[in-house]
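Alright, structures below, take your time with them.
The two complexes that follow have chain A in common; it is paired with chain B in the first and with chain C in the second.
Moving on, here comes the complex of A and B:
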């Protein structure tokens, strides 16, 4: 009465029923008939190591119901290569599957296997754009994208431009900021040129001027400063555009205040100013983290330790 | 801008938030005693993990003895052991098994996995099983084989290839298994090689990000889940910076930017609880509901004075209405989600820095926003409960601690009582204390006790060595 038991294509296969082995199994699930039946046939073909197009179709059916099945993906990949299946067709199927199961990791691992075998990134940028339309912060997609860049040497093939587009759409997309960091600093160990450092500082500063209360470009700016070996005090003028302890009513960014506190704390006579900045954060501008700001204030009293 | 949902859903009162213990017990007993609804099919291959959540939740709620009969519990234990495989380690779900047809050629499709093994041993500890039937030697021999050259761990071995991501999740589970079976003893144990500790710590160190967090791999985005896994793993290895249980004089490898790490974690607390929250932070900004995810952390001086900062950080309450409820996100500029309360608060607890966040606001977020009226917790306010968020929400409260809940250990993710039970096991004590030279004699005894299994097991179908392997460390019960 099922899709498989009634099909002549599967008449030679004896399904292997699931065996809980005893009473009171844990985390038992109310399986649908479709799932139970398909899984019985999957076990049977896996047990025979069958490499066939019918087995391929069966894995599709089950992946649709349970994409987290951890060996079905490896089994599917082995079949694909064994029967020399059309890998472009595989990618098309994967597109729909990935769009339907946004949070699944295995899909991306499989895509990597297939695209690696295909040997070309053609079409991948378009598909990633489709994924980003649904969720521009999808962690798996960004991880996959890093793999693509490394695998196919795409460092200068529009990555930076694409990041800028995504940030234009949502300047708070931290994943896009992180990808920018990867493209600029992740390439190899060689030093990044001074004009690139300057460009990145300017980019982050412009983004902050657009939306001062946005932690992503502040983190980026501090990261670039550290990476370039410059002291945080080199950002003092910039941070002062958004916060000043002399004008406590006009603070436009808690992140600027935080940075100023850090800079003051490193100055020989800046402890008091740092305490004022931290107080403003605790009491007015970031009270959720009052405990943390007070802790930072308490650290000011301690003798300086090697950082 | 429009009023937030927070205002409309909750009356402006300050009534005490409370944990509806009875409802949670009902929710978890239902999960234990009747089949899960069909939408859990997509989690069929996570059944061992679900089993762990269910048992551990009932342990936190302190109702296992009252609600599970000895016979039921023995049958549950048997179910876990039926997922043990002759190669060492566990499968995640019965659905991958071939029964009598399992053989050398096809067993690669039904492999032991690190997550399954970790959750199975945790579950057995919560069940207070005596571990007689656990193939400890097989598991410990298998662990180093799952570690790659770069120090990372994979999920499973297929045809000699380490499969699964390179991130710290599997490293966490490997160190968890290692801790449960051999404590923090370093080096070879009864001829079983240890994992490459330095390699793993290096791997964690490399995954630190420019913004102070920890990511999946070098240059990937920092993420609270990986932060938790990496920190827990270092803790279970005794390798946290300034960790008091570090007996060795090793340079602090792993977390090398602790101050930034702590600030990154503390920055995850947010009052932005809903995608629909809108709150203008600054008139000159181009904020929309799509872009403004962390606006609630920014409050204008004159409009919302807060008493918070005037009080000490041990004992205070937030005066500002909306800031009474503050959950955690997993990455910068994301909305709060119940599970990240665990990943962030748990990590801070391991680092002993949990007092730096607003634990009370987190508690109120969990109880007033995420707790569901049928018991359990949802992912976000108004969401129906699911097992994953229900467990992690409960575990977070147990860490705080919460009256009526057993104390909880963040790194092992089990109750302190279950952790103490593991520490009390005689075979484990013998293995750890004999670590210098009495090791070999205590660990290599291949006693015949292993045949005293209380029920039959599927594992002996294709391995003649299983009896021998099985008896590893089976010196005595708990």
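Moving on, here comes the complex of A and C:
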């Protein structure tokens, strides 16, 4: 007895019970009767590749019980398109489901499939903002957002502004920094205009001044410098605001010291200074990475080709 | 500014006129505990913290507070006090973890329905973890074979359960589980020809792999696919039905290295797909995949900016916890003991270069803190009831147990890439050329009793299993 076995709508379907292979399956789950029954009907309708509104309702029932079931999501997408279901209604339902199941990621692939078919990103930025209120570093949401930007050419449609809002809230949100990079430099491999490079350098520098021991903007700043083809030595004055080997007990950022070590190592007479900076990192300011800093120090002895 | 700034003196009066640095560090060592003093590195906040408080800094500080009592071995909630090793930290409680993993192969109550599409992972994590702990898991062979059989689809590959679509992660977990229990019956269960055709159907034109038809394309897809292909000795040529096969000569490797290369982010780490944020899980998948494609010094150096990757990997080790985080500005989590911890051997092999001699710049020891990782895992991650966990306060699970043990293995051994013969190895044979040196590095706080069985650095299988599996399929073709 159950929801499906007693329903006249499902009378024509013979459910397929789960084949556990034998009497003692490994890691067997004692399913609830409701789940067990619904899955029996799902196997049956999938076996006949049924595309119908009752099959769609069945997938919703199972997703409510187990949203981590990738097969059902893929089947659901097929049904939606086959029966020309209302995709806006689907998105509304997805919003609730996604908010209720933060960690689930099958849902993002499904959302992508549906929004691709809808052909418009309307409402997506707002929904993503709600997701970010709960977890602004959700990897799957960021990955989906990148897809949206590429698919709908949203490079200059408020993405930078949204990133800035998130960074204003938490300047250490590395996912937001990564998205900034994606928006500014990820479009193609062509050269980026000089004023954009300057803007990005300034943005990262301001962030560092706010919180000097935050690795995200340091990685960003070095990335921009490399991408622009500028030498790291162009950052020497800036890094010196936060660390100096002349004042070894006033280091405000280990990342500044790391960068100074890199800059010194490229100077013709900078090896000794580089060694001092790396020693400071190994012995005092970042000792968990002592082996790495000592390796960098050993590189200083190598012929210049290593650089 | 650090509260414990060093007294610092610099002078240049030595004979060779080089600078000498003298640091006088005041270690707050509790004299009564001097015998087992925990180095200040693992008991003090990071040396530099800036004043700005945000969600990220609060979360990091909460995590530190949760871990400190365990790092100091001051957690008094345990009674009786767990057995200590000769370094004064908890021993690896093998028996408890063995029991925990056996439990993960037994029945689960209804609320575990969320695992219904990932049961193959439970097989793999539990069987691998048990093997790493020295257990003989061949007793599970018959039950595994029975359980896995209905998961295989006639069109190739394995789903997460009976009637579920084939997925590359389920296929990977099933194949590895079958390899672990071993034996003809288990290995012959895989329909290799159908698997080959199915893998051909998820290979993408841009070089990567989709995880399932209509699913996402990411680094897991590439790593799982190449693992399956090499272990089962499948042909490298794409099957004729593969939509990626537009020219007659295309293989599973076509475009793959280029695709992986595009996944390295500006930070130096590797993301799930081009443009994504650098993440430890995908870093391991990328490096291991490259080590299957060819020799590490060839493939890794060709594909990736190695110094940048090295710097990023190194930055994931957290202080004072000593474990690894998965991304910049995220929290320490035991699973990255493998995802990041497992990267070192692969990257070091690439750095040693073609002759694999310990090159002048690469130290014979390590590029990372094996001591830190060992402390984190033994002090913070062992749950009282058995099993290992993300961090104190989290529940243990098979996933964290398996990858914590694999991480412990990375801290306990040195792996080397060492082919028998010089010159180009046969296609997809490079990953079978690894050697291990189990000499204990000084200062790493584990005893012989805390050792786990050797783990293959590329396949994350018990040592020897990958070779046996490959040998079993050596002379078999797919027709």
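Please note the rule applied: the second predicted complex is superposed on the first by the 304 of 307 C-alpha atoms of A that agree within 3 Å, B and C clash if a C-alpha of one lies under 4 Å from a C-alpha of the other, contacts with A are read in each partner's own complex, and residues count from 1 in each chain.
Everything that follows uses one rule, which is that a contact is a pair of C-beta atoms (placed from the backbone, for glycine too) under 8 Å apart; a residue touches a chain by one contact, two chains touch by 3 or more.
Fair warning: this is a prediction, and the values are worked out from it, not measured in the lab.
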Fit-or-clash call for chain B and chain C when the two complexes are aligned on chain A: clash
First (chain B), second (chain C), both or neither touched by A:170: both
Contacts of A:249 with chain B and chain C, given as first, second, both or neither: both
First (chain B), second (chain C), both or neither touched by A:142: both
First (chain B), second (chain C), both or neither touched by A:48: first
Contacts of A:65 with chain B and chain C, given as first, second, both or neither: both
Contacts of A:186 with chain B and chain C, given as first, second, both or neither: both
First, second, both or neither for A:213, with chain B first and chain C second: both
Set intersection of chain A contacts, chain C complex versus chain B complex: 16, 18-22, 24-32, 35, 39, 43, 46-47, 65-71, 74-75, 109, 137, 139, 142-143, 146, 170-175, 178, 181-182, 185-186, 210-216, 219-220, 223, 226-227, 248-249, 251-254, 279, 283-292, 294-295
Touching residues on chain B, where the partner in the complex is chain A: 31-32, 35-38, 40-48, 50-51, 54-55, 72, 75-76, 78-80, 82, 92, 94-99, 101-102, 105-106, 108-111, 113, 123, 155-156, 158, 163-165, 209-212, 216-223, 263, 266-267, 269-271, 281-282, 285-287, 290-299, 301-302, 304-313, 316, 318, 320, 323, 326, 331-334, 355-358, 361, 455, 458
Sites on chain A touched by chain B in the complex: 16, 18-32, 35, 39, 43, 46-49, 65-71, 74-75, 105, 109, 137, 139, 142-143, 146, 170-175, 178, 181-182, 185-186, 210-216, 219-220, 222-224, 226-227, 248-249, 251-254, 279, 281-295
Residues on chain C engaged by chain A in the complex (per definition of touch): 1-2, 5-8, 10, 18-19, 21, 23, 25, 41, 46-52, 54-57, 104-110, 112-119, 122-123, 126, 140, 143-150, 159-165, 167, 212-216, 265-268, 271-273, 275-279, 310-311, 314-315, 317-319, 322, 327-330, 360-363, 365-369, 372
For the chain A and chain C complex, residues of the former touching the latter: 16, 18-22, 24-32, 35, 39, 42-43, 46-47, 65-71, 74-75, 77, 109, 113, 136-137, 139, 142-143, 146, 169-175, 178, 181-182, 185-186, 210-216, 219-220, 223, 226-227, 248-254, 258, 272, 275-276, 279-280, 283-292, 294-295, 298-299, 301-302, 306
